[in-house]
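After this come two complexes, each holding chain A, first together with chain B and then together with chain C.
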Partner chain A sequence: MAKKRLSGVVGFWSDDHKIVEAAHKMREAGYKHFDAITPFPVHGMEDAIGIKRSSIPYVTFIAGVMGGSLGLLLEYWTSAVSWALNVGGKPYFSLPAFIPVTFELTILFAALSSVGAMFFLNKLPQVDPPIIDPDLTCSKFALWIPDTEPGYSPEKIEAFLKQIGAEEVRRVVEF
Partner chain B sequence: MSGLNIENVSPQKFKLGNTANMAMMAMAGLGFALLVLGFIVNHERAWHAYLVSFFYFTCMAMGGLFFTAIQHVASAGWSVNVRRLAEALASFIPFVFVLGLPIVIFAGKDLYLWLNADEVAKDAILQGKAAYLNKTFFIIRFAIFAGAWILFSKKIVGFSLSQDNDGKDSWTVCALKWSVAFLLVFALSFSFFSVDFLMSLEPHWFSTIFGVYCFAGLFQSSLALLTLMALYVVQNGLAKGLVTIEHVHDLGKLTKGFTVFWAYIAFSQFMLIWYANLPEETIFYIDRSHGGWLYISLALLVFRFIVPFLALLPRWAKRTPAHLTAVCILILVMEYVDIYWLVYPNYSHEYVAFSWMEIGAFVGFLGVFGIIVTRFLGQHNLIPIKDPRREESIHHHVTY
Partner chain C sequence: MIERKPLVLGNKTYKDITNDICEPVETMPGKTWWSMFFSAKALLLFYLFTIGMIVSTGMGLLGVNHPVGWGTMIVTFVFWIGIGHAGTLISAILFLFRQKWRTSVARSAEAMTVFAVMTAGIFPLIHTGRPWFDFWLFPYPNQRGPLWVNFRSPLLWDVFAVSTYATVSMVFWYVGLVPDFATLRDRAKSGLRRKIYGALSLGWRGTTRHWSHYEMVYMLLAGLSTPLVLSVHTIVSFDFAVSSLPGWHTTIFPPYFVAGAIFSGFGMVVTLLTLVRIGFPKFKDYITIDHMEAMNKIIMATGMMVGYAYGSEFFIAWYSGVPYEKYAFVNRAFGPYWWSYWIMVSCNVFIPQIFWFKWARRSIPVMFIVSIFVNIGMWFERFVITVTSLHRDYLPSNWGMYAWSRWDAFVLIGSFGMFLTLFLLYLRVFPAVSIAEVKPVLHVGKKGEHHG
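The block that comes next holds the complex of A and B.
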């Protein structure tokens, strides 16, 4: 297992509306690499911290198109080129007969690639991230600013978090 | 968003301008006048034109009630604020009964070969089917189906309207129970209805998936219509904070989903018949692959599936009013083309017949439908204002 590495500042809230407002202010103040950690999905949070849309849909689309094309190619090659077989007097290349397999392979490629892309983008299967505070899975909401933030200065961030209403501010260093 | 409170937002009254109202009356009058003229000139063709438009608006009305029922059955929260729009579509259902009666009673052999006694006498297959395909049973079936639909629409929509008055949660429970029953009744009755009115136009032909095919078209197109109505409400600010682009987005998603469903069912019907290659089944597609009909068949594939599917695929497509409006109108046009494609080869094998008679019938029905639906919306609140799940619908938000 890779070494756990965690260093940054965390501010806690106990109200989901207030943390959304605070996240808005944080973004307006120019912070870029911060994240919100909440026990449940908070409406409006993706907008507040400026999370961009996932790129999974593009993976799905391209993989779907590829799956469909490969499926059609496979059927064409096996039933019209490699081993041409007369089925019921129909043409070797009969599109209606090939659609079901094309369709299924479109779905198969699109679905599996989506799951794969999701794992990749989520950095799964990383199942033991460092624990900042156990209460973040049940009753507390937090804004987390890691030390990768450009111009990282713990004192400044601590003051700013207090200013935007954090109920508790803590510096986290864990290696 | 979070700041909204149910108490401080309420829908405006829907009010139709006098010009729009007059225009719809004129459409109804002019359309039916053209239709009457059509009956004098060529009654056989006029019946076909009438049947296409009748079936089209039956689909819209039933689509509204079906949408309402599945929202109740799923105990859906997001859709509460657009449910009244679907209920407005369902208010046309009594007219399905009124406008369908002429077909079952008077159309006779102008539409249906099996109502032509001379033809039946020399056709063993039609004689074999006579126990089901005969005029008395046809009328009885239609009366039962339309009667059941009226009953369910009055009940399910009625509960919702009663709740607007007294705000009792128990109406929601009643609506759930009746909706479950309606879904069962609808599945059977609409299948038989489409078999009776459309499939029996070619009484030698049969397709076991035909009812599902008609349903797929019904739901895709009525969802497109609902999307347009919701967009109208959003863009005119009739229910600010209540019906938003989020609701429109989800209706657009459903429209896209059922676009694929339609294609799936349409292809299932085609592929099995193509594969088995039995003469009594292939006749349907042979009729539709000759003359101008081949182009209509291909147009269905392109403009009812490929174009709307790709056009509704990106997220922005479902949140851009002008784009969404264009796609929904395309789907609604293609629903007409689809029903026309099911009906008209029965009238003219060789060429595609479309002129003032078909337009007149459609405009006439559209006028009546518009008057009924807008009157319902004018008489009632634009959203179910006391539904127990209304708050969930206000906060509805489509995440990335």
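The block that comes next holds the complex of A and C.
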């Protein structure tokens, strides 16, 4: 699936605390569609950019409930409906003995669905996406303003990034 | 005020961290690694040969027979599964408890978990006797009725517990690796390396939106793995405890097995990490002596929990007033298998007591030797539980000994070939310390810097 890539402007920092302050200023100045690119999760950055809490826990909960119910249903149906066998005089539906498998399937469904949701929300996997700078997964931090920003004007953004302390500003053809 | 000790030694920059951790992946291995790798590889080939012999000839090659129907296969299965538990404890439970020192040891501990569970999984599959029918373990629609698996059996619970554990710990490990694969991709000089790590990184971009979902899923996986890891060894202990055999049928088994699993796992983590520190001297700044000391404290604490369980079992055997139960325990310590019992107690309870001394906790040779004893002792614990309970049950006419054969020894030794081959390959292919997790703790405990 070929996705449309965006062009934009990017400003670099080498200090993770300064870039958080810069992101705050950027948001106060009214920028909406910008994002940061960092080698590790920077404390306070989501707040600065205004990203809401991830919605993955809802997926985890629903998947867990589904996994557990499906597990219990499978045990009930195979042991009491499809081919009921008397095992050691225990009831066909031996609830206490069915708990371990129910529990394991709850965890399995919840874990795999959460990871699946993370990949879906992050639009991963991507085949060979363009990267802005190899140091952004190593030692540099960047603020990225794509051309979808309302009233996008590269010159204005470049000047603003320099004003809030960017060490280097670059225009990017696609990201 | 108690001061935090630095988690990363030396005056490192973010760039230095990346360079140090990527170095083993990006350089050719030296003689030591090759010689260890070829030894492990030879052992792995020997293991494959042994498994081939056992599968083609039949379980009769091993010493299992009436009355000892569970032998090396089950003992060694529980041994390896237990080792895996320390990795999940470090990566998930210590994460939830916000123990920042876990970051630099978590990756290798999780790798150990994944490889130990893979090694363990093979044993029950062969123990079934006809491994080509192992798909019968899963409930699938079939034309024999359909005849379903027995969901009341602890052995079936184990199938679900171990396969869920293997899946979830592999996924957890991989999710942790994704940003580091992106780092390796961006550093790659050759096109092929870029392609391989690019594919493994799944196109990771490192935007804050990515990190936001990523951190959430990481925490959720930690929260899910925590009850999972406790449930796995609990269910493994049910394999024994749900039966009605004296020495097996005890309520103490689940917590006793979990404590033992964490104990043995930390033993293996210390064994492996002391070797990693020798092999990659630069890692000493990340896996510091303080980290090793913390793990040694856990070894001593869990060792004493296991010791408490040994004592408590004896007390309850006497207090219950059941003659069979009493006999099972007296027979363990003073019967024909007395030596295995005392190897177990010495290695697991007495020897780790040396960690009361700070110099011992911080001495690499001492902790390496103790960790080897812990590994030996925990294998014997499972041997004691399995074999001594089976060999003398209610009826004296039903008594016998375990006919240990050389093939029993071969599978046990060979399994280390599989585990070590995988671990040695991992050290050269994957970043053995989590790059993205170590960077945020770089400033912890550093003087003159005030970060949260």
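Following the convention adopted for this analysis, the second predicted complex is superposed on the first by the 168 of 175 C-alpha atoms of A that agree within 3 Å, B and C clash if a C-alpha of one lies under 4 Å from a C-alpha of the other, contacts with A are read in each partner's own complex, and residues count from 1 in each chain.
Please note the rule applied: a contact is a pair of C-beta atoms (placed from the backbone, for glycine too) under 8 Å apart; a residue touches a chain by one contact, two chains touch by 3 or more.
For clarity, every value in this text was computed on a predicted model and none was experimentally measured.
Novice: Could you tell me whether chain B and chain C fit or clash when both sit on chain A in the superposition?
Specialist: clash
Novice: Between chain B and chain C, pick out the one touching the greater number of residues of chain A.
Specialist: It is C that touches the greater number of chain A residues.
Novice: Scan A:V169 for contacts with chain B and chain C and give back first, second, both or neither.
Specialist: Touch status of A:V169: no partner.
Novice: With both complexes overlaid on chain A, does A:I51 touch chain B (first), chain C (second), both or neither?
Specialist: A:I51 contacts both chain B and chain C.
Novice: What is the contact status of A:A80 with respect to chain B (first) and chain C (second): first, second, both, or neither?
Specialist: It touches nothing on chain B or chain C.
Novice: Is A:L70 in contact with chain B, with chain C, with both, or with neither (first, second, both, neither)?
Specialist: Once the two structures are laid over each other on A, A:L70 reaches no partner at all.
Novice: Once chain A of both complexes is superposed, is A:P41 in touch with chain B (first), chain C (second), both, or neither?
Specialist: After superposing on A, A:P41 lies in contact with both chain B and chain C.
Novice: Scan A:G88 for contacts with chain B and chain C and give back first, second, both or neither.
Specialist: Touch status of A:G88: both partners.
Novice: Quick check for you: in the superposed arrangement, does A:V20 touch first (chain B), second (chain C), both or neither?
Specialist: The first partner, chain B, only.
Novice: Once the shared chain is lined up, is A:L6 touching chain B (first), chain C (second), both, or neither of them?
Specialist: Touch status of A:L6: no partner.
Novice: Just chain B (first), just chain C (second), both, or neither: which does A:A97 touch?
Specialist: both
Novice: With the two structures fitted on A, what stretch of chain B runs into chain C, 205-213, 277-285 or 349-357?
Specialist: Among 205-213, 277-285 or 349-357, the clash with chain C belongs to 205-213.
Novice: Of all the chain A residues, which ones make contact with chain B and with chain C?
Specialist: Comparing the two interfaces on chain A, one with chain B and one with chain C, the shared residues are 17, 41, 43, 46, 51, 53-54, 57, 88, 97, 100.
Novice: Quick check: in the complex, which residue numbers of chain A touch chain B?
Specialist: My answer: residues 17, 20, 41, 43-44, 46, 51, 53-54, 57, 61, 88, 96-97, 99-100.
Novice: Chain C touches which residues of chain A in the complex?
Specialist: 17, 35-43, 45-46, 49, 51, 53-54, 56-57, 60, 74-75, 78-79, 82-83, 85, 87-88, 90, 94, 97-98, 100-101, 103-105, 107-108, 110-112, 114-115, 117-119, 121-122, 124-129, 131, 134-139, 144
Novice: Can you check the complex and tell me which residues of chain C touch chain A?
Specialist: Where chain C meets chain A, its residues are 13-15, 18, 139, 145-152, 154, 156-157, 160-161, 164, 167-168, 171-172, 175, 179, 182-183, 185-187, 198, 202-217, 220-221, 224-225, 227-228, 231, 235, 238, 435-437, 439-440, 451-452.
Novice: Touching chain A in the complex: which residues of chain B?
Specialist: By the definition above, chain B touches chain A via 1-2, 267, 270-271, 274-275, 277, 313, 315, 395, 397, 399-400.
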